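A, B, C, D, E and F label the chains in the order they appear, each numbered from 1.
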Amino acid sequence: MPTYCVEMIEGRTVEQKKKLVEEITRVSVEVLGGTPEMVDILITDVKRENWATGGKLWTERS
Amino acid sequence: MPTYCVEMIEGRTVEQKKKLVEEITRVSVEVLGGTPEMVDILITDVKRENWATGGKLWTERS
Amino acid sequence: MPTYCVEMIEGRTVEQKKKLVEEITRVSVEVLGGTPEMVDILITDVKRENWATGGKLWTERS
Amino acid sequence: MPTYCVEMIEGRTVEQKKKLVEEITRVSVEVLGGTPEMVDILITDVKRENWATGGKLWTERS
Amino acid sequence: MPTYCVEMIEGRTVEQKKKLVEEITRVSVEVLGGTPEMVDILITDVKRENWATGGKLWTERS
Amino acid sequence: MPTYCVEMIEGRTVEQKKKLVEEITRVSVEVLGGTPEMVDILITDVKRENWATGGKLWTERS
């Protein structure tokens, strides 16, 4: 509370995830108030064959 | 925008996913307007042990 | 099963929603199999102040 | 209808999941009414590197 | 952690929600372990015109 | 892509939302790459009677 769900194409490193959750938590507390411990973030690594934009899976897009 | 999330039991082929996202995007533009490029679709392949109906996991149901 | 969640900017009519769920259900059964009764669709009407793209809320875009 | 989505750290056994969906379905029917067959539950097993609280991934906590 | 999202047709009383979250939290701790304070539950009240089963909105069913 | 969903207790101002989506988009591009235009953020304002922690609705807490 607040809770963030992040859907992103798979392939990001643990280092990127560490940095991302650190920054989002910081920004969240700055803008919305509360404490860092109240911020939950759930990441979903989405396979390219499971995300489509414009009617095409990302396996088919460049 | 719009964004579709589709939860389905795992096991569908990439061909089925290709066809599904193509058709949902087409239908979405027809009914809601906008362009295909505005339509995002995220598919989640759910394991049978992670979906329950009527109090039973789908590994236990026929 | 399958379950579709659709996030869209508020303002669509009930007629559009009726048409959309009818078509998505039809397409879903055609491509994935199963019966129409197995298809659940949940629509979320999102206020323009609650959706952002490119760092801007849709109240600020066009 | 109702539909429950459960996000939990991976590692729970199928026995735990069986018990959990049985109990949640029972509680749901008791409190909200309807039949067990109307209750859908979707479980997501989340990797520790994909959940953060207090700005830290659960791989870094405890 | 765990986090439950519950989608249900609008119209349930606050008393029903109180009872539901109390029971789900109890069941969750019993089956999965952890403490009650770790359990978050988010309820979404869905309008009948925003839920479809079998290709029909719940405003059109029964 | 990536897509962020943010669940938060209702009552935040549009100014806070503007600031939040601006900052999350900036952080996302810095850490994950891509362009701002690829970042979608969906905010859900959750009523206090629809969020529970520790088995109690937030209308009953503090």
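Basically, a contact is a pair of C-beta atoms (placed from the backbone, for glycine too) under 8 Å apart; a residue touches a chain by one contact, two chains touch by 3 or more.
All values reported here derive from a predicted model rather than from experimental measurement.
The chains that touch both chain C and chain E are D, F. More than half of the contact pairs of C-E, counted by residue number, reappear in one of C-D, A-B or B-F; that pair is A-B. Judged by contacting C-beta pairs, the busier of the interfaces A-E and A-F is A-F.
Between chain D and chain E, the centres computed from C-alpha atoms are 12 Å apart. We define each chain's centre as the mean of its Cα atoms; on that basis chain D and chain F are separated by 22 Å. Counting partners per residue, chain A has 1, 3, 7, 40, 42, 51, 53 as the residues that reach two or more other chains. Chains that are in contact with each other form these pairs: A-B, A-D, A-E, A-F, B-C, B-D, B-F, C-D, C-E, C-F, D-E, E-F.
Residues 7, 46, 49-57, 59-60 of chain D are the ones that touch chain A when the two sit in their complex. Against chain A, in their complex, chain B makes its touches with residues 14, 17-18, 21-22, 25-26, 35-37, 39-45.
Considering their complex, residues 1, 3, 40, 42 of chain B touch chain F.
Against chain B, the residues of chain C that register as touching in their complex are 1-9, 12, 16, 19-20, 23-24, 27-28, 30-32, 51, 53, 58.
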